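Chain lettering (A, B, C, D, E and F) follows the sequence in which the chains are written, and residue indices restart at 1 in each chain.
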C-alpha cells in the first residue's frame, strides 16, 4: 500500500548561478519542481512510500523529470506520449533585485491528462492523496480529472489533502473560488496560505478565524494556514485544537519549494500518526532544510529533519 | 548602407557538456543559433556590417538572444512583443551515439512576423539579403513575409541569397519544392546541399550537373552546392566557371552552424568583390574555424580566417 | 515479477576532468559504478524492471549511491547498516598516459552481506539473476552468499547469469578457478572475457573453442566470450549456433562500464525473447552508447539503442 | 542622434569565485568594467542609445571588451591599434577579509588616445557626454584629450556630465584639484562622492553645503553628491531644489560598478525629461539592481528598474 | 633552523558547492585539512619556515595532500608507504540545516606512524613543536609517538605547544583527561577551547579561572582559552598577565580551520617575539582571514593579516 | 646539494576551455608555465631536488606563481620586488583553427634580474644548471645575468645545460646566433630543436650532421636535437654514440610544455646516471605524460613515467 500519491505537473527549471542573469549567464543548472512532485519528494525524504502521477512527452526532457524525481526517492507513474511538451522555466533564484522567471508551460503534455491516464488502483490503495490548486487551474481537462480524482479517492477511503496555491495559478479570485468550491467538498486536509485566503475569500483578519471560516466552508477536519511572509509560521486547526508553530531558523539559499517541503513534511508527520502539533513541527523542520538547499525539492533523510527539530527545541 | 541583412528565427540552445546527457547533466551551456543569425555572425566576424531582423518576446530569453548576437558583432532589428515564446532547444552536441535534440519551437513569436514587422528601409539599403528555407517553412505567415521580402529586395536592387536547408524543416519534399518554386524566381545566389537536391528535386548525380540544373530552374546567377557528408567540399557555379573547393582540415568539436559559417564567409567574400573561387575559400575557412568552436556561431576575426587560408594553401 | 535482479557492490567514483590529475584537479565529478549496478542500469535503460540488491552504510554516501541508481531507473533493495564504509574510488578516466585509479574499498559494508541480507522473494520471483565474479571475490562472506544465491535461484527456476570479470578481482588464477568451479555449476548464462579465459583456464586459442570448452566445463546453455581488446567483438554460443558480432563504431569518451553495458543490453535482449544474435547486437549497441558517455552506467532509452542498431546496419 | 556618449578606459577583470583567492583559484570569471563603459551599459539598459568611445589593441582581449559591451547594448566606437596593451585586473570581489585587486594597466593602448582618435561627429550629435575623472588621470595625453572633448561638446551644445571618482585615480589631492579646475568650468552636471569632496576640496561638512560649494566653484547647473559609505544615499541640487534619495534595499553580491550604475541610471532619467527627484530615483534603483549582480555592468531592462521603484515605494 | 614543526594527520576533503548536498551534487571541490597542517599553513602564510611531518600512502591521494600543503608554503617531511589509506572526508561546509560530514579515516597510513618515522633532527632543530589532541587520539601507536615526541622536543629545548581539540576526537571525557595528563606535563603553551575545558575538566565557569586552573594543573607558562561560540574571543594567560582579544569581524564563508588559523597566527606572533597581546591579535586576524575563505587552510600573506589588524583597530 | 637549478621567467596563463575563445569564454583556468619552471617541475616529478630561481612582484599573482610551482614539487628562490609586473598570457590551448595567444609580458619584474638577485651558493652547490634561450632574449640585463651565471656555474663545476628555444624569443636569426655564440662556449649539454638549427644556423639537413655541427661549434659533450614536428623524435649525441628515440604514443590534450617535459625528464635521467639512451627514453616518456595533461608542467610521479616506458617497450 502506497503512503502518499500525488498528481500534477513538474517543470524542468534552468537557473543561472546567483548573481548571474538569464541574459548573460554561461551555465544553467537544471532542477525539477512542481507542487505535487515537491511534496512527494519531501514525504519520501521522511521515509514515506510516495508516488507521483503525471503525463510526459517521451523525450529526454521527460525522462529527465522522471529520473530526477526517482533520485529523490519518489516512485513515478507516468503516461508517456508523443504529443505535448515538457514544461520548462528559466528562473533567477532568490535575491536578485528584480529577479525573473520566464515560465514556458503552454502546450505541456500534462494539460491533456484525463482519468484514463490515472492508474486508479494506485489512488485507491494509497493512504493519502495530495493535489494542489495549480493542477486544476492548468486546463479544463485537468480540472475535470482533479474532480474525478478527489471523488474516486473519497469513495476508496483515501484521505484527501489539498493546497490552494492560488498566487501562481494566474486565475482571477472569482474563478479560483468557484474552482475550489467545486473541488473541496469533503476534502479532509486543507492547506491555505494567508495571502490566498485574503485574495480569494476576503479573509484578511487573524489566521485563526480564517482557518475556522474555511473549515466551516468546506467541512474539512484539518486546516493549516501558512504565512508566506518572512515569519513562515503556520497555524493548524484540528478538532478543538489550534497550534501555532514558528519556523526553524535557517539561511534561505533558494526559496523555491519551501512551502511544498512544509506540506510534504506535515503530511508525512500525519501519516506516521504524530499528533497535529508534531506533524506541523515535522513540516517546519523539512521546510527549514529545504530553505538552505538549491533546487525545488528537499534532499536528505529523516535524520536531518530530526536533527533540526532537536537543535531548535 | 548595410552590407548584409538577414531575416529569420534564432533559438536559445541549452547543451550539456560532451559526454553528458540531457537526462543527467548538472549544467547546461547556452548558445544562440539559427541559420540567418549564424550567417550574419559569420559575415560580421569577417568585417561586414550585418543586420539580423526578427520578432521576439520581451523577456529575459528574448534579450538573451539579442545580447548574444550583438556580442558576435551583429546589429539587431527586433520587434518586441508580449505574445509568443522564444524558441528553445536542448541539444547534445556531436559525437554521442544516439545524440539527441529536443527542439521546442512551437508558438514562437517569430511565427507571426508579418511585413509590418520588417523595417523595409533596412532591406532596401542593404547590399545583400539572406534568408534560408527554414524561415518560410515555419508558418504560413512567414512564408508570405518571405515572399514579400524577396520581392521588395529585388525591386530595390538588393542581391538576394537563399539557402534551401530542407532537411531540418520537417517538410515533405513535394511541399518543399512548391515552396522553393514560389520563392526562388530571380534569386541571385542559391545555396543547396547535395542531400537537399536529391531529396527535393531527385538530383542524385554529380554535383556539377545538379548545380546547372538548379541554375536553369531558378535562373539564378550563382549556385553553390555543398556536401554535408564528411568531405564538406563545395562546388560553385557562376557564369561559365565551376569551382570545387575542398574543406580545410580542422577537428570537429561542434558541428552546429558549420554550414552557416560557410555561407556567411562566402557571402562576405562575394561582398568584398573577391572572385567566386576566393569567396568559396573564405567560406571554407570560416567553416573550418567554426568547426573547432563550441556554439552555433563563429567567433573571431578576419585575421583568424586568413590565417587558416594561409596555413592550408 | 521482476525481470532482472542483480546483487553486488557499487562504488562512488570521483573523477577529475579529462586532462586533469588527482594531484591537482580543482573539481571531481561523482559517478556510481559496479558490475552488477551497471548491468541493472543498462537493462533498465532498455525497459526492463531491474533490481539491484546490496548493503550500504546509512550515510549521505550510501544514499548517494541509491539515489543515482534510482535515477538510472534501477529499483534498489538495500540493507542499511551503521557498520562498514561506502566504497570509494578516485579515477582518472581514460586517455591519460599513466592514468590512475586509487580504489578505496576495504571495510565496505557490502563485505558482510549474508543471506539474511537478501530478500529471497525478490530473487525467486525474478526472471533472471545476474552476479559477477567481483562479488564473491570481495570476501569469504560474499562468496558464501553468492553460492547460496545461485543455489536458491536455481531452485526457484530463475535463470542464472554470471560474468567472470577476473582481471579486477585481484585474485590469483588458481584461486579464481577454484572459486568459479565452486559457483558455476548449472549457471545458464556465462560471460567470459577472452583475457580471463586465458589467465584462469589457459584457454589462449580462438574464442570459439574457448567458448565450447567453458560450456562443457560448466554445462551451461549459453556462453558469451568478449574481447576487451580494441575490437570489442563478442562471440556467443547457444545450442548449435555460434554468432560473432562486431562492435558498433563510437568515440570512446569513457571506457568505464562499457563491458557491463554490453552484458545488460544482452541480458535485456535475451529477456525480450530475441534470438541470440539479436541479443548480442542489443548488447553491442548498448555498449556503443555507453562508450560515448562519461560515467559508469549507460543513460538513455531503448530508442537510442535502436537508433544505433539502425544506423549501423 | 545619440542619447549618451562616453569616453574612457575599460578593463578586462578576472575574478575567482567568492571564497577563493587569486593565489589558489582554479577558475577565473571575466568581466569588463570601467567608469564610462559601466555608465553607458546602465543607460543602455534603461533604453538609451549609448555609445562608448575608446582605443584598444586589435587582439582577442580587445575584441572581448568590445563584444561584452555590445552585449550590454552599448554601441562602441573603437580605434584599433597594434600598439599598447588591453588593461587587465585580477580582482577578488567583495567580502574577503583583505580582498585584493592586482591592477595591471600600465601601457594600455588608451593612454595614447588623442583627439584624432575621437569621432567628433558622434560627440557633437549626442545629447549628453559623460567622462569620469579616471580618464584624464590616466595620462597627460588623455588629460589633453578630455579637455578638448569637453570644449568641443560645449561648443556643440552637448550636455557635459562629469564624475570626479578621485579615490581610485592614485592622484594626490592637489593634483586632482588642479585637474578638475582645469576641466570642469562650464560642465553642466557634476557628480562627486562625499569622500572625494572631503579629500580634494576639504569639504567635510554636510552634503548640502558641499553641493552648493561645488556648484558655485564650477558654475554648473546640477550637482549630485553621492555617499560611498553604507548608506549609499545621494543628494542632488538643481536650481533652487535639493533632493535626498535613500538607496533601495538589495543584497550586495558585488560592489563593483554600483556607483556607475547610479550615474548611468540618473543620466538616463535626466535624458527622459524626468525631474531631478525622479532621475535620482532611477539612478538609485539601477544601483540596487547592479548590487545584486556579479560583474561591473548592470544587466536587465527598464522593467527591472521600474519594478524596483514600485516595490520600494 | 625550522621555526615551527607540526606532526599529525591531514585529510583530503571533498565538498559540494554551498546549497548542494552529498546525495546529489555534480561536482566536489577538494581541499586538504588537519589541525597540524592547518596550523603550519597559517604560520607559513605569516612568513614562518613551517614543516609538517606525517606518513602517507604513495598514491595520487597522498601526493595530492603533499602538493596542496606545499602550495600553502609548508615544507613537508613525509614517510611514504604502500600500507594504509589516505584519510578522506565528504563535507557539506557550513550553513546547511543538518549539514553532514562523512569522515572516512579508518585504516589511514598515519595510524602506524612510530618514532622511527619521525626525523628527529628536524624536531630538535625547530624553535617550536605543535601537536593537537587529535593526533594521540587516533591510535595507540600515535599516542606513544606523541609522548616520545614531546619528550624529545623538551630535551632539545624546543618549545612545545599543544591544542586539546577534544570535541572531534570521539574520545570520552575520562579517556581524554587521562591522555592529556599523560602528555601535557611540562608543555609550554596550551590551547584549550572553553567547551573542551567544560567537557573534560568540568571547568564551566569564567574563562580566566579556567585558564588559571589548567595552567596550574599542567604547570605551563602560557594558556590560551578559545571560545568556539559565536563570539570567537580568546583569552591568553602568560606570567601575571591576562589578555582578552575579541574576534575581527568577517563574513563566515567556511568555518573549517578557523580555530587552527588562530593557533597558527598566534604561534607565528609568539615566534616573532611579539608580546602575548600582539600575538593573540595576530591569531585573531589570521582567523578572520580564514573565515572568509573556502577551504581548511588560510591563503594569503602577512600583508593581508596586517591589513585586517589595521582596519579594525 | 641541489640536483638541478634553473633560472628564468614563469608566466601565469589563463585559458578558456577547449572549444571556447578568449572573446566569449565565461571561465579561464590558470596555469603557470615557462621553459625553466617546466623543466624544474618535470625533474621534480622524477624525484630530483629541483630549484627555480627568479624575480617576481610581491602580489597575489607573484605568490600564485610560486605556490603553483611548489605544488609541482619545485623549490623556489625568488627575489620579491615592488617594481615590475608578473608576466601573463591568454592562451587558447591546442586545436582551435587559428588558436590565439595574447602574451602580455612587457615590464615583467624578471627583466631586471641581475646577478645580485641570484643566490650564488645555490648555483655553485647544484649538480646541474639549466637555462633556456628565452631568458637571455628577454632583456639586456637578463643576457648579462645569464652570461655571468653560466660562467659562475662553470667555475664551480656545475654541469651547464642550455636549450635554444629560438622560435618564441622573437629574435631575428642573426641576433640569436650572436647571443648563442656569446653564451654557449663550454656548455656541457645543448638541446636544439631542428627548426631552430635551420633558422639560426642554416642547418637544414639530417639531424645527425646537425648535431655534430653544433657539437663542434660549441665544443659541448652532449647535443640533443629535437623535432617539433609531429614525429617528436629526438636524437642524442654523446661521445661516439648516436641514439634516436621515437616518441611514446599519447593523445595530445595540450601541447604546452611538452618539449620542456622532455628536457626535464632527460636531465633527470642523466642525473641518475642512466646512459644517454635511457635518459632520452626518460625524456620521451615524460613528454608523453605531459601531452595528455592540460597545463604547462607535468604532474605525477616517477612511477607514471616508468609505467609509460614499460607499456611501450
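By definition in this document, a contact is a pair of C-beta atoms (placed from the backbone, for glycine too) under 8 Å apart; a residue touches a chain by one contact, two chains touch by 3 or more.
Each chain and its UniProt protein: A, B, C, D, E, F = Sugar kinase.
In this text the structure is predicted, and so the values were computed from the model without any measurement.
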Chains contacting each of subunit C (Sugar kinase) and subunit E (Sugar kinase), listed by label: A, B, D, F
Chain pair with more C-beta contacts, A-C versus B-C: B-C
Per Cα centroids, the chain farthest from subunit C (Sugar kinase): D
Fitting subunit B (Sugar kinase) to subunit F (Sugar kinase) on CA atoms, where both chains share a sequence, rotation angle to nearest 5 degrees: 120
Centroid distance [mean C-alpha coordinates] between subunit E (Sugar kinase) and subunit B (Sugar kinase), Å: 62
Subunit D (Sugar kinase)-subunit E (Sugar kinase) separation of Cα centroids, rounded to whole Å: 46
Separation of subunit E (Sugar kinase) from subunit F (Sugar kinase), taking each centre as the mean of its C-alpha atoms, in whole Å: 39
Contacts with two or more other chains, residues of subunit C (Sugar kinase) listed in rising order: 21, 23-24, 26-27, 63, 67, 71, 100
Arrangement of touching chains [line / ring / star / complete / other]: complete
Residues on subunit C (Sugar kinase) engaged by subunit D (Sugar kinase) in the complex (per definition of touch): 26-27
Residues on subunit B (Sugar kinase) engaged by subunit F (Sugar kinase) in the complex (per definition of touch): 71, 248, 250-251, 253-254, 288-289, 291-295, 299-300, 303-305, 307-308
Touching residues on subunit C (Sugar kinase), where the partner in the complex is subunit E (Sugar kinase): 14, 21-30, 59-61, 63-64, 67, 85-86, 88, 90, 92, 100, 102, 104, 106-107
Complex interface listing, subunit A (Sugar kinase) residues touching subunit D (Sugar kinase): 17-21, 23-24, 95-98, 100
Residue ranges of subunit D (Sugar kinase) touching subunit B (Sugar kinase) (in the complex, touch as defined): 58, 63, 67-68, 70-73, 301, 303
